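Chain IDs A, B, C, D, E, F, G and H follow the sequence of writing; residue 1 opens each chain.
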Amino acid sequence: MQWNVYLSGEIHTDWRQQIIDGCAEKNLPITFTSAVTNHEASDAAGDFLWPDSDGFWRDHKSSKVNGIRTKNLIEKCDVAVVRFGDKYKQWNAAFDAGYCAAMGKPYVTLHDEDIIHPLKEVDAAAMAWATTPKQVVEMLQYVIEA
Amino acid sequence: MQWNVYLSGEIHTDWRQQIIDGCAEKNLPITFTSAVTNHEASDAAGDFLWPDSDGFWRDHKSSKVNGIRTKNLIEKCDVAVVRFGDKYKQWNAAFDAGYCAAMGKPYVTLHDEDIIHPLKEVDAAAMAWATTPKQVVEMLQYVIEA
Amino acid sequence: MQWNVYLSGEIHTDWRQQIIDGCAEKNLPITFTSAVTNHEASDAAGDFLWPDSDGFWRDHKSSKVNGIRTKNLIEKCDVAVVRFGDKYKQWNAAFDAGYCAAMGKPYVTLHDEDIIHPLKEVDAAAMAWATTPKQVVEMLQYVIEA
Amino acid sequence: MQWNVYLSGEIHTDWRQQIIDGCAEKNLPITFTSAVTNHEASDAAGDFLWPDSDGFWRDHKSSKVNGIRTKNLIEKCDVAVVRFGDKYKQWNAAFDAGYCAAMGKPYVTLHDEDIIHPLKEVDAAAMAWATTPKQVVEMLQYVIEA
Amino acid sequence: MQWNVYLSGEIHTDWRQQIIDGCAEKNLPITFTSAVTNHEASDAAGDFLWPDSDGFWRDHKSSKVNGIRTKNLIEKCDVAVVRFGDKYKQWNAAFDAGYCAAMGKPYVTLHDEDIIHPLKEVDAAAMAWATTPKQVVEMLQYVIEA
Amino acid sequence: MQWNVYLSGEIHTDWRQQIIDGCAEKNLPITFTSAVTNHEASDAAGDFLWPDSDGFWRDHKSSKVNGIRTKNLIEKCDVAVVRFGDKYKQWNAAFDAGYCAAMGKPYVTLHDEDIIHPLKEVDAAAMAWATTPKQVVEMLQYVIEA
Amino acid sequence: MQWNVYLSGEIHTDWRQQIIDGCAEKNLPITFTSAVTNHEASDAAGDFLWPDSDGFWRDHKSSKVNGIRTKNLIEKCDVAVVRFGDKYKQWNAAFDAGYCAAMGKPYVTLHDEDIIHPLKEVDAAAMAWATTPKQVVEMLQYVIEA
Amino acid sequence: MQWNVYLSGEIHTDWRQQIIDGCAEKNLPITFTSAVTNHEASDAAGDFLWPDSDGFWRDHKSSKVNGIRTKNLIEKCDVAVVRFGDKYKQWNAAFDAGYCAAMGKPYVTLHDEDIIHPLKEVDAAAMAWATTPKQVVEMLQYVIEA
């Protein structure tokens, strides 16, 4: 069976690539997907559409275009990894976690120990909490191959 | 028809009371619900249960007890108001928004203009964005009575 | 049993009132609901919210506020009556019909004979086609009391 | 991942072919589907079935046969493009949009600026509004490949 | 708790009344519902609607009007009793049973021993098979009050 | 796209083969499935399981084993053809139709004109009524290839 | 808001009464429901129905009659308490827990510390683990009134 | 059609291998899946994750990691075989059965005659009860190939 893993959240470090490379080394049968991770491209996702907008409506237009992608990919994944970094609000990551929870879609979180408390509701509905990409790779290997 | 409105998010200002009072003045037929908003009580929600725990597991135990309440109340509401303040991570609020979105439950956000950008995914799936409790009251009056 | 009937569509004639009055005369146990039928109020539903907008975004903002009401009322109704008049595009009425169809919610259409052909897909998924409010009243009486 | 895009609505211009050609040039992995777009064939879809009918029942019979196809294709698509032209009622297009909305299926609209207002409810539930087939192609490329 | 019991199927004997009376004697908190059981009225349910029709289309029109009632009542019941007599095809009763089965709605059958074999698929998805209205009353009393 | 068509109902004539052959001649991309159509094998489907049973329980045991197959195949089909012949009760066919209706799965009926009236509820929820296997072939060709 | 709590599992001690009494003392707005807890009555639930049976089929017949009650009550509850004692297999309790988990219905477990390990899958999907009825009362009070 | 069969429950005898071998001999098109059946590995499934835990929380952490696998595999299977042996509590097996029941997923049980009574609720919602792996093979062959 081919597994489908959605990688949600923080886009400023290479955690996605670490997980993808780690799973490739182990030859795990996984297709990885994620939102568009190029920050500028993502912010401009709706700029080619009318009406030309800025501020709230520019964000609105771009987020909805991005939503076509993310909604499809999340609903098709078998498990999501939701990553919270040490900077920025990252509300979209928590939003994705809530979306998964309501659909009964298993997800795991990936974050440091110092943000356990503000993430307690997000972690409570998760299947696991990992602190390193390597742990996620190990978990995926266990879940798929054990 | 009696409406059921869930008030999610920030617990450090009196925005809930402002909305409740504003709707009461207008005699709107609304039942308001929310998570437990006493921060200390909420953090201690599972302390009376075994095993005695601290750190991650204390948070886990308490969040799940709180989840019995929030899951029920969100699933029964007709519309949710999700409030983001200017402090703290408030990932639980974004989680609730994602939960509503996946269930097709309408929600509106309540936040200042300076956090439009980090909330763009949350706002994109919302039915409206308000900046003051008064606007929320006005919106509820329109939706229910117009 | 109390029935809940949603009245969707055309707002320029008094068909809603005719149905409501006709059912009241027969003392049918029905609660009627509908979208906001004041055209100007409906168009302005989001005007009190930021950002001030016109054109596409003004319509967008107002339609979403109206959606809080219509989505709730449609999902709670037992049967919808969808009315198409002889003027305007009335795409919102067809949209409501599609929404009902996808949810498995029974609906009936109310329109003249001369628009049978363009409404064929909408009528194909309906439970009945009526040409007068009086027929709708008769149908509701039969469905509820026979 | 192969994407499945349903093209709904207006059948009198070549917008479908423009989108299909535009995506083919970019080698996007998309399977396009749509209702039967031959108007006469579509109107006659049930003519080979008993009882011989005309008027309302002929339309009814044909629309239901067409519904076997459209219901299946819409429910299997990842995103729908719903096109409104400048002629005819096109209630079937608005019906498809409502159907998608109720299922939580993302859709985008394709129409000129002069019909923004009558389409406001349809656009409010859409993920994007495009004015040209070329924009739709650009959007699909972004959503799939960015 | 008030229970809601739908009585489906055969309309030529007084089995419905026997169950209703039996439960009334025991003061069971049950609301009984059913399709329109007046055969002629049911066949004519759509006669007041255009177009005037006979044969297949008359039946079609009337059955869909009746469907507004039956679909609502079946979806709202807690348990259905589906009765098969010794005459007629009674395909609508088997249809109702299949409808309940697909929705996960519990139903029981009520029929004589000599039609066990042709009803085996219908009985296999039922929660019980009764042979007399009195058994149904006893079962309801047990289920509600034991 | 490969289509999946479930053939339900009467097992005493070769209507299934006629449809399968007719579609094969036209090279339609269809996978056909059906319940076990060998009457004796179907009746004995559970005989190898304990406890040895006869009468009601033998039928019960066999029907449930058959249900593993039919439930899976019906839920996976794109459209079902439900055939009613001129003999026997065929309640399982009407049960399948009700099951499809509740799931929103399109189905068509195949039966002679003389049983229109007892099948009116089953036909009312169908997408079409055919009288010959050849019409079904023609319909499938239209739906898939037009 | 009135809460609906389903009490599932062990029937040989008075844990249900302790919870009911504890909540009554605190005037909590709770309706309690449960399966039939009279062991002999439950085993004989289908004895009045044909065919007279013993062994597997007697159990089968009675369990399905009981299922009419339990399925309804579980699906209507807001939260379930699933109790495991120190005797017997109590597979029905674990079955109820799995049923709740699949429906996204919150449940808590009530059992001693010495059976933590064999219950680990059941506890993993629960919202909380309590060891005494008093803890359950305290939890319900918190969830409802805090 | 390829079938997907989930093998749930007892891990101390070779019943899984007997079923897999038996089906391989008959060349049945089946993909078999199951939870991790290495008891020690399963108990340690979460040991590589923080926080280091023992007792309840170690079991909790491991069970949730295992749940990522089992939830996915159960939801994807066409039919589950749930095996109860003569030792241990095996509450996870009954939990899986309840999970299947709530999802409308067909399952069969595999157990000896001496535990019929405590398994009556689990068997009541099953499609069949087998006593030997060979019977399961025979059943699968019938269901898939008859």
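Of note:
Note that a contact is a pair of C-beta atoms (placed from the backbone, for glycine too) under 8 Å apart; a residue touches a chain by one contact, two chains touch by 3 or more.
Fair warning: this is a prediction, and the values are worked out from it, not measured in the lab.
Within the contact network of the assembly, the step distance from subunit D to subunit H comes to 2. By residue number, the contact pairs of F-G overlap by more than half with those of exactly one pair in A-C, A-H or E-G, and this pair is A-C. Separation between the centroids of subunit D and subunit E, computed from CA atoms only, is 40 Å.
Remark: subunit E and subunit H have CA centroids separated by 37 Å (rounded to whole angstrom). For the pair subunit B and subunit C, the distance between C-alpha centroids works out to 31 Å. Once the centre of each chain is set as its mean CA position, subunit A and subunit B turn out to be 23 Å apart.
In subunit F, the residues touching two or more other chains are 50, 55-56, 64, 67, 104, 113, 129. Residue ranges of subunit D in contact with subunit A, taken from their complex: 1, 3, 78-79, 104, 106, 108, 113, 127-131, 135, 138-139, 142-144, 146.
Remark: subunit H residues 31, 33, 36, 38, 41-42, 45-46, 48-50, 61, 64-65, 67-69, 71-72, 76 touch subunit A in the complex. Contact residues on subunit C toward subunit D in their complex (touch as defined above): 55-56, 59-60, 62-64, 66-67, 70, 84, 88-103, 113, 115-125, 129. Across the interface of their complex, subunit B is touched by residues 50-51, 53, 55-57 of subunit H.
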